[in-house]
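Next up: the structures, one after another.
Common to both upcoming complexes is subunit A, partnered first by subunit B, then by subunit C.
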Partner chain A sequence: MGGCTLTGALSVACFIPGAVTVVHAPKGCAHQTFSMLHALMNEAETRIVPEILVSGLSDKDVIFGGEDCLRQALDRAAEKKPELIIVVTSCVPETIGDDCLAVCREHPYAERTLYIPTSGFLGGSAKDGENAALIGLSALAEPADPVPGTVGIIGEKNLESEVEENFAEVQRLLDLLGLTVSVRFCRNAAVSDLRKLGTVSCFILRDGRCADAGRELSRRFSRPVVSGFPRGLSGSVSFLQETGKACGLSAEKIESAVLQETKYQKKMLERFANLAGSRVCLGAEPFEGTLTAAREALACLDMTESPNGINVRLPFYLPVGVSGTVKMLYLWRRAILHG
Partner chain B sequence: MRQIALYGKGGIGKSTTSANLSAAFSEMGLDVMQIGCDPKHDSTRMLMHGRWIPTVLEQMYDHKEIRSEDIIYQGFGNIRCVEAGGPEPGIGCAGRGIIATFQLLEKMQALYGDVVVYDVLGDVVCGGFAMPMRDGYAQEVYLVTSGELMSLYAANNICKAIARISERSSAKCRLGGVICNAKNMDNEQGLVEEFAKRIGSKLVCFIPRSNSVRAAEVNRMTVIEHDPASNQAKVYRDCAKIILENTDLRIPTPLALEELEELAREYL
Partner chain C sequence: MDKGLCVNPVWPCAMTGACSVLAGISGLDVLIHGSSGCYYYPRSLLKVPLFCTYLLESEIVFGTTGRLKEVVDGLSSADRPVAVLNTCIPALTGEDLSGALENKNAVLVDAPGFLGNAEEGAKTAYDCLGIKTDPSRNGVNIDGVSLLDLFWRGNLHEAERLLRLMDIPVGVRLAKDRYADLRKGAALHTVSVNPSYPSGVGTMLGSFLFTDVKDTCANLAETFPDADIEPVLEEWRRADEQMFYSSDKYLRKYEPPVAAVCAQESYALFAKTMLERYFGAEVPVVLARNRDASHIPCETDLTKIVREISAAGPDLILGSTFEANAYPAASFLGITPPDRSRVSIAARPIAGIEGGIMFLENVLNTLIDAASHTKK
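Let's turn to the complex of A and B:
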């Protein structure tokens, strides 16, 4: 997902039930950003209509200052009595120097208002916006003692297709370790759930895109961080090892989970035994890491890679765990057996 | 139509000089307009006998259909006075205000007469304050400075803006010269004269410090109106005449900071 910080911040902030997001920007910025999100929502078959209010900065506000405009938008948002008002900003208030933090703090709804300084293009890219939103929202949670056996998932891409399938795969692996997910930060998680962030014993990042947020959360809550969802087959095994270690599990427990996973992978790969000996030509790599996961699957199934082989596609997103690999193998089998 | 802009460091006396030049032009029988391009909107106050006229930016957003009489007010010598206005200090974007003002004046076809004098906020702090130099508005810029280093520094910065804008083929903006509004420093005239020479221009006028300026201001008038027979009034009239006759408009060559400091040291 491209665009400015506003796009990234909204892709995180829009998916918190009970929250209203105020975009302090000209209407055009919000429209443009939301159009992009809307297109992604359709693709991801998301049916949520996010509560977004735009302050609608005008030329007059640019000249005389947009703080009143933000104040009025906060008034409108507060009328809805949301659990939380999240304020994000475009580059315009940053350029003209609106003191958005002060406006948020002075507002009667300040207790339930969270200002996330995003600053549109001046704040960087969509990725920076996602990280700013994750870091900003983490302020809802107080540092607390970790509850053993719990983990928090950080930075799932709300508009990524198959986000729930990927989560299910991670959950399957965590089950092997006897771990439970107590918060998905921020995937359809109510404000009360977000406040539990400080109680988890370990953070699992969706991927390197939210590494900045991971570093900040680790520093703030003094918790270990697992750098990403598992990639492919061996990635699932190393995910079990890394997560188990991060959560302080015993070596026996981790080893037992790895054994179960190895058996499971073997069983899943048996389904594709009829692909053995096939020669395939892998397509272009959409994301770094996909090719490695694909080559690993090829080797496990005694398939070979050749420029003259049957053209098979690589999945657009990195295959998460075994389920992502299996989905990729189904695609390949269709191409190999049926053209 | 002559379009003249006075630029210089804040507090150097641009508004006083602009208003007195406008008054002098008017005495010559010219149709004059003065536009204050500063959020503090006091450029035309002496021409309006102390009245704070409504600013373009106030009126623009208060009226659905703005008329010329909402923003153009007649002052001393029938000079048409306009104040762009702008935000309170510390908020908003005054530069955008200047741009919006010019867009409106253009749309209303309000820029006419024999001479239009633009009195522009101190340093060219952003593109908005360079707006009068662009698009054929202020075709002649006069730098108002004293012999103080920071005042010369600001004037030198404005030269950079003029030089940059002049690079465009469509640009008509040129430097007309330097006006020294004296602070009674030693060697002040020589210093400013040399500065003007080094930037490839000339000193067009030396305005000595005078109590008649203070006297006129407390009486809410220009010197030309308050004390027309004074030496100071003559200085402003002479300056206005020189500017009207000036055809030597140039692209300046701004100095490096070290050179500027060296120059100031030479005239200590």
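Let's turn to the complex of A and C:
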């Protein structure tokens, strides 16, 4: 379980420099997300935490209505003269019947205010919140002609501790194809960058979690969509093929990239050669696709799977490309060689 | 109206505070009656098993009591009582949850997040648990033990040690005890390791924060004539001397620190007093997380907290990594959650004599490290 729509929406909206995020909710709801962002920023050794302005609904406001609280929060946000105010809501204003859209529309800063009706858990899960935010924010961009050789990354998991490492792995593969990321939608991308969304040749989704947003973006901008970051070793090869094709690259260019990648993978796996012959038990699959990636690595290293083998835990994340697979193998090596 | 408006609020809601009390009690299942979002945060923060009804929109429309009964019945098969913790939306729709829990081995704790802060929620949880005192229960209860506190395990160990030194039995631990023991009744008297989390159970004899230990011991001696408080007082005097020795040594080389303290009002006051006593420090910023106290205003808006800190320009921050990250020019020691500056697994106290020493030792090392870093 990953929280309600509010957490999901904030995990997208809070990563837009120059924008101010207003949460219409009791303070505690905003604290939850702020606290999580803080934890992850520390893990990433980034000390800059986005500002979340919360209307701070109290027990009195839930009885008499909270629209004035939202107005005041918008006033405070507008004082900063941001490029964009993003308004998201928790389940409380939804339940007490606040007309948040009307408050946003009537506010003097309405032209630069984007209301995303998340409604806490009444709008669904964190995943729904992420998709609502991505779709809502895509309205900032106009359809445009594609710029060849550019891609847009959609729906990176900003609350994932290894988000930059995963991006670096994708970028490594895109480099092999000669492609450039022009928009990270929405990860530390300014409003002006988000407006370029319509210019990319194709969209690369983080994973199936943002498939709803991917469908909407594909429809709106008429662009192909790559369904997710590469999973494991063979996933890296198929990612190159799929992305190259989506961007209209030549078969020769794609084949050359695949060849380089195959050599790279072979070199990376050499450091685990001493695991050959080990028998391991993989246990339960925490995420769909992890087991496939793990079994593929086993086969490449001449290891075997057995219920009586050494317990090696599958990672609690889907290994992205070679980099993610190597990290999983380090954990295995520790278990096999050092118990 | 502007009162609630807040940027980057630094303190959890009432529901989380209530949950921290209930989750500390063994033999009691905690069921959050709310959405996955309300469950997710206390579950990840407290790192203890919790249950949830995972309410959906349809249940809010058609009523949540059916779902609540279903989950409580499922949990009851484990033959343990269930604490049902209510959240914002079922509290707003006004369903009769008590009625739904009739004839069930369950206690309802109505502490929706909008009710206030974590301490208010914790107090609500204690009130709902209805822990009574029992004159036949010997000893003293240990209060102020909260899973939200960075020092709860260390504080509990230290309080038990001090009471043992004085030959005073421990009554119940609030809230880190068995539910069955709490139902049997608490002792008539209580000491606290963190007065910001008062249970209201028993007559309070004082806190075990270092600055309060002597007064609390005097109260204990008056209440328990057979208790021998001298070993604790002797230890206190020795610790006091050691701390003066170490801080004197520091002050031979360096100037007294200028500090900003942001914590629950009990720890904030403790930290301020310790810094002034041993360093003669200036403490121009003291802000409480939970409530206004004498000379300590409450502030939970991070931008306002940072504004005050920046204006004072301290060289030491005692607080959370919220403040530390926002004002990296100062050296930092974590005394309130979250503290993301360090891996923390051991049971570290801030209360008691060892807690006092550990606090001062950490302040000294933080300051010396910073001075050494500056020299380099």
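What we mean here is this: the second predicted complex is superposed on the first by the 311 of 339 C-alpha atoms of A that agree within 3 Å, B and C clash if a C-alpha of one lies under 4 Å from a C-alpha of the other, contacts with A are read in each partner's own complex, and residues count from 1 in each chain.
Going forward, contacts are C-beta pairs under 8 Å (C-beta built on N, C-alpha and C of every residue); 3 or more make two chains touch, one makes a residue touch a chain.
Computed from a prediction, not measured in an experiment: that's the story for all the values here.
Of the two partner chains placed around the shared chain by superposition, neither subunit B nor subunit C is touched by A:Glu270.
Of the two partner chains, subunit B is the only one touched by A:Gly97; subunit C is not.
By the touch criterion defined above, A:Ala73 reaches subunit C but does not reach subunit B.
Counting the residues of subunit A touched by each of subunit B and subunit C gives the higher count for C. When both complexes are overlaid on chain A, the residue A:Phe121 reaches subunit C alone and has no touch with subunit B. In the superposed model, A:Gly65 lies in contact with subunit B only, and not with subunit C.
In the superposed pair of complexes, A:Asp145 makes contact with neither subunit B nor subunit C. Contacts of subunit A with subunit B, set against its contacts with subunit C after fitting on chain A, overlap at residues 59, 61-62, 95-96. Those residues of subunit C that touch subunit A in the complex are listed here as 1-16, 34-41, 43-45, 52, 54-57, 60, 88-89, 92-93, 113-116, 300, 302-303, 321-322, 325-326, 328, 338, 340-341. The touching residues of subunit A, when paired with subunit B in their complex, are 59-67, 95-98. Interface residues of subunit A facing subunit C in the complex, by the touch rule stated above, are 1-7, 26-32, 34-36, 38-39, 41-43, 47, 49, 51-59, 61-62, 68-69, 72-73, 76, 90-92, 95-96, 120-126. Every residue of subunit B that touches subunit A in the complex is listed here, in rising order: 57, 60-61, 86-88, 90-94, 96-97, 100.
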